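Right after this note come the structures.
The two complexes that follow have subunit A in common; it is paired with subunit B in the first and with subunit C in the second.
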Partner chain A sequence: MKKDKVINFFYILPIFVVTLFLFLFPLIYSLYISFTNLSLLHFFKYSYVGLANYIIIFKYGYFLVLLKNTLIWTIGSLVTMMGLGFALALILNQSDLKGRSIFYAILILPWAFPGFISLLIWQGLWVDPYGMMNRLILPMLHLPRVNSLTSTADAWIELIVTNDWLSFPYFMTVFYSALQSIPRELYDIAELDGANVFTKFFTITLPSLKKTIAFVFITSFVFTWNNFYPIYVLTGGGPGISTETFIVYAYQEAFSYSNFSLAAAWSVISTLFVIVLGIIVIRYTHILDSFT
Partner chain B sequence: MNVLSKNRKLKGVSGTIIAIIVVIIIIVAAVGVYLVMTSHHPTPTVSTTNSLISTTSSTSTTTTTSILNTSNPQSLMQLVGLTSAPSTPVTITVWDTYSSSENQSFIQTLAQFEQEFPWIHVKVTPGAQVGTSQFETAAKAGQAPIVYRDSSDSGGALFAAGLVLNLSQYLPPSITSLYVPTAINDWTLNGSIYGLPDDVNYIVMFYNKHFVPYAPNTTDQLIQIAEQVNKTYHVWGIAYGASDEYGYRFAAWFAGYGGQIFTTQNGQIVPDLNSSAMVNALNFWYNLTYNLHINYLAPSSGVEGQLFIANQTAIIFDGPWDLNEYLQALGPNLGAAPLPVVSQTGLRAEPFIGSTGWLIATPQASGASPMQIKAALIFILYVTNYQSDLRLWDVAHDIPANMQAYNAALTELKEGKLQPAYLNQIMEGILEQAQYGQKFPNIPQMAYYWDSFHEYASEFFAQKISANQAAQGMEQAFVQSLIQNGLMSTILPPPPIFLIPYIMLLVPVLVAPIVKIKGKW
Partner chain C sequence: MIQVKKHKIFKILRLGISYIVLIIMAIASIFPLYYVFMTSFSNAPNLISLAISDLFPKHLYFTAYKELLTTNLYGGSFPLWLRNSLILAGSTAVISVLLALITGYALSRLDIPAKKTLATFIYIVTFFPYTATAVPLYLLFAKFHLLNYIGLILAYTPGTSIFAAFIAKLSIDSIPASYEEIAMIDGLSRFQAFLRIIMRLALPVVALTAILGFSGAYLDFALAYSFLLPNIRAWTATIGLYYMAGLINPASAPAYNLFAAGAVIMGIPLMALFIVSQKMMTRAYSNLAGVKQ
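Moving on, here comes the complex of A and B:
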């Protein structure tokens, strides 16, 4: 019996080792260096400095500004991405929709492109007044031009719209798959009972998707919070630090200033926020209850 | 009576002696303080006008080439202490940061090097980025390349961190005479050479002769021409993305308004961005952008270049590294000239005169053996020698940092040998800019300038803050970054210890009158 247990342990050993080295080690190492003075000037010989880096963050850093920006970025992106993905999934799920596979193939295209290349293309599209967005699309929709260099609101619009374009195929696909799994009979019975579109949506569709929404919301919240490239490529955190998030700032501390310990401290704070906010979201929305 | 007179006489004599002593002490103290102050004066990091052309002299070139011949394989080996090639081959790793046109020249140089040094195998990684981050990551793992090419300011930060070798410990001091003084000075920190330059770089004013009748010599002329271009051709007079700037190009305008990035206070290097010069320079570009509408606030320098190529802007500020692109697009319509004089101050807009060059990683960062270090030294001497540098000039139009190559390039220009013929005039304009430049600070503090400047300049050009607030903000952010990174103390240091003896000498002089007054009472 004891021998079996030892053998069983060997089965999970590979994943245990992978988890230890690829996930736990970097986390613990980051935490460790956040208590040191590791920087370009203390590169090979660095020492323990206690909470000095954390004190610097709260004394000199832009803590509140970065927190506000990270929340705007995460919630702004998440709400619009999920909304857009869900709406498109509902459209694709219409039984009488012709050419569904063609639409699906077209809509999933943004996902097929490498994200970084897409961002470089979007960077060109937003150039005011020469890019296609400002020259063609926005005037066509009778919307004002967007210039991230001259307005913070414009910078956020640019970032969130681009991020929506990059991410909606994922949400659409997940929601569409979940919608497909809802038995058609439920809708037929509801129709017989005289239920309208809204009643069907709120009594059948939404409750059936609760698990999917919970999963997508939590994983995407963490992903978007830590999503670095759109901000770094499109606005570089500007104007000023108006669109800079924890993770972009940590990157700059590490790779512009070569202050690795301070960057690690910012990353630790960012991670703590994700954990705390995640717990709050789970507690108050009971979003995970559906899994049990 | 005699006693009294004797006493008086003695008193008079002792008073005279005391007075003489006091005077001598004052003189000694004053001379001492002066000598100490002058001998220990910190190396100025403030902007100083440099001239590549005026500092070059043909005599020094001829002298050095006879002593140091970095084109001869045998001399190179002797220079690093080798009498013959080792029996086993040596491999060195090289990170190449050249652009595509520069790489064409480098490939030829490399082929020639491997032919002349068959015992050195060079393992090149092309496409590496300038800037310290990639190198640091590799160095942390002890896997940095043995040889690396970077800009002098990034190299300075790596040297201050102890990641690259002090070449002064390996090469004779006369090695400096092989290079253009401005370039080798860029690679010198606290008297130590940490890299060998292969080019000199700075920005100039490129203009399209189709729109611009003559190169503007003052900012008033610049405005006048840009307005005319705007009215006549309906294209941008200037494309300069000041809000996207990290301060490399803006430093020229800042200097033109009389500003300097650093100053020294009690021997400590401190930022000096919060000045009327910064406010005026920011307002100048704001006026051209928002009030006169003659400058296009481009989102990146790439967009500026594209507009210039597409005949959508008449003037841009860029470096010779993009020259080939503009030459292909504009041909004989391309013009190049120094940045203009700021009409308000009468001072030239002075760009940074920087340099790119080759460094050798410390064994701790790269794991290199002593023989690999010797091979690396031979390599960097070879790729910065006369032939290699002249090839860079011929193929990629890089301004040579090697003195002999620089003089040869000047001769080529004087004789109008460059092809196509109009290239001679363009290169003359580019080289003329070297007379009006400022030293590119290579102290580690410089690394914290860029983001501090960018943050507040971009807020200013987004019309979120005033020029005064931007100048204050960028200096504050700069100071904070230096404090956070241990490069500046919050309290200014006390007077240097070496001044204490001289101050002590002054004490009796200062105390004497008080003692005298007390004695009277």
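Moving on, here comes the complex of A and C:
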């Protein structure tokens, strides 16, 4: 029996080795690099510099700026995406609405089209002044032009609007299927009691969706916090570093500025955040209970 | 009477607003895709010369597609990059399937010490997108001379296979253990039974894992860019698109309609694949609900 257990362990070994090699080992290695001065200038002869990289990060205020940016990005995206997805789910859930499946099929297209390619398309749309957003769409709606190269507020608008476009179908789908699982009878009984639309919404719809909303909020918070491509492709963190988040900044320090040791220090910090968020997700959603 | 009338007005208002919102959102959803599709059939060499009338054209030009498939771009070519991407994504898919099913099988059937702890540890890794680990991976792989396709496949596999392993576990739970026991009595080893019975019965999961692994690798940019940038002939199609969109070096980028054509060629099949996998995912989860009862 004991021998069996050992043999069984071999089935799980491959993924375990791969996980260690690709996750723990790089993390430890970059922790080590973060205490050196490895960069393009010192690529082969780098030396130990102690906490110098971390001092740069914390002493000159970069950390707080990036924390603020990451929070604006995460909360700003999440609130608008969830609101939009929820509103559309409510609209689609009306039983007397015709053509639901056609609208649904069209509305999930932004989710179905590969996100990275969509972002490259949006990047071209937002270019000021030649992109179609500034030339066609915004003038048509009598809205002011958006220039993300000079204005931080404009850059955030551009990022969050694009992220909303990419992600609202996911939220719509999740909320729509949750709404459909609420028993019709609940509403019929409430109607007999003379409840109006708003009472029904606050006493039946919202309480039934509480769990779904919490689950979606937590998992999407982690996802958005770590979402790299929108910022990298659309603004590149600009103007200056005013839309940089932890994950984008670490990547750019390494691959745009070849500042590997500083990038390693940023990666260590951003990894710590991901681990904490990950543990919160597992704790709160009990997602692993059904798996083990 | 007034009450009924009020009710009716409210209903018309409610449905009216609903349709207006849905139509606006439908237009917004389609517009960027429509725009890139039309641009790919235009003759516009850059954003400045792309006219609004190009979005509602009288003629469709296929020049962008012809050029994209034949010309030399920056030392590489789009067909070459596409081929690289397909090789990379195909290999990732195959390895992910194997890894996911072996792990899923172990989690479902076998008695393993500290199973829950192991599963939790493995699961946390799925919270890390490649972009979070790009810098550490690059530093480590540079040391081991793995800044190439083998390194990329190694890096892509775990994310997909861990997620898929958990789905595979649930799906294997629903296959009666007696099937393999009978096969094992008939003289098959456990591993043979796994190959012949589990692999075949868990076919939907195999397909789903393959799709996830394929599209993950096919659409990755961050890691491929950091690993392969200096070697233009080894670029993947996503790096090619990024370059054609004018984001690496605007001066040397080819005509904008080539980018649009590339985006259409890469995007449309993946979109179809996404819709298929979406349906399979729903089925995988609803099977699960059936088993649980």
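Definition applied: the second predicted complex is superposed on the first by the 205 of 292 C-alpha atoms of A that agree within 3 Å, B and C clash if a C-alpha of one lies under 4 Å from a C-alpha of the other, contacts with A are read in each partner's own complex, and residues count from 1 in each chain.
We adopt the following convention: contacts are C-beta pairs under 8 Å (C-beta built on N, C-alpha and C of every residue); 3 or more make two chains touch, one makes a residue touch a chain.
These numbers come from a predicted model, not from an experiment.
Novice: Identify which of subunit B and subunit C touches the larger number of residues of subunit A.
Specialist: Higher number of touched subunit A residues: C.
Novice: Please work out whether A:Asn134 is in contact with subunit B alone, subunit C alone, both, or neither, and reply first, second, both or neither.
Specialist: Neither: A:Asn134 stays clear of subunit B and subunit C.
Novice: So, A:Ile56: does it touch subunit B (first), subunit C (second), both, or neither?
Specialist: first
Novice: Given the touch rule stated above, what does A:Leu97 touch, subunit B (first), subunit C (second), both, or neither?
Specialist: second
Novice: Using the touch definition from the top, say if A:Leu41 reaches subunit B (first), subunit C (second), both or neither.
Specialist: After superposition on chain A, A:Leu41 lies in contact with subunit B alone.
Novice: Just subunit B (first), just subunit C (second), both, or neither: which does A:Thr152 touch?
Specialist: In the superposed model, A:Thr152 contacts subunit B only, not subunit C.
Novice: Under the stated touch criterion, which partner chain does A:Ile121 make contact with: subunit B (first), subunit C (second), both, or neither?
Specialist: A:Ile121: touches subunit C, not subunit B.
Novice: Return first, second, both or neither, reflecting whether A:Thr70 touches subunit B, subunit C, both chains, or no partner chain.
Specialist: So A:Thr70 meets neither subunit B nor subunit C here.
Novice: Of the partners subunit B and subunit C, which touch A:Gly238 in the superposed model: first, second, both, neither?
Specialist: A:Gly238 contacts subunit B only, not subunit C.
Novice: Could you tell me if A:Gln252 is touching subunit B, subunit C, both of them or neither one (first, second, both, neither)?
Specialist: It touches subunit B, and subunit C stays clear.
Novice: Just to be sure I follow: which residues of subunit A are touched by subunit B in one complex and then by subunit C in the other one?
Specialist: Subunit A residues touching both partners: 123, 127, 130, 254-255.
Novice: So in the complex, the part of subunit C that touches subunit A is made up of which residues?
Specialist: Subunit C residues touching subunit A: 11, 14-15, 18-19, 21-22, 25-26, 28-33, 35-36, 47-48, 50, 52, 55, 99, 102-103, 105-107, 110-113, 115-116, 118-125, 127-129, 131-140, 143, 154-155, 157-158, 161-162, 165-166, 169-170, 215, 219, 221-222, 225-226, 229, 238, 241-242, 245, 247, 256, 259, 263, 266-267, 270-271, 274-275, 278.
Novice: Applying the document's contact rule, which stretches of subunit B touch subunit A when the two form their complex?
Specialist: Those residues of subunit B that touch subunit A are 132-133, 136, 139-140, 157-158, 160-163, 241, 243-244, 297, 299, 303, 364, 444, 447-448, 450-451, 454-456, 458-459, 461-464, 480-481, 483-487.
Novice: Please output the residues of subunit A touching subunit B within their complex, sorted ascending.
Specialist: Touch residues, subunit A against subunit B: 37, 39-44, 56, 60, 123, 126-128, 130, 148-152, 236, 238-242, 252, 254-259, 262.
Novice: Which residues, counting only subunit A, touch subunit C once they are in their complex?
Specialist: 4-5, 8-9, 11-12, 14-16, 18-19, 21-23, 25-27, 29-30, 33, 38, 87-88, 91-92, 94, 96-97, 103, 106-107, 109-118, 120-125, 127, 130-132, 135-137, 165, 169, 222, 226-229, 232-233, 247, 250-251, 253-255, 260, 263-264, 266-267, 270-271, 274-275, 277-279, 281-282, 287-288, 290-292
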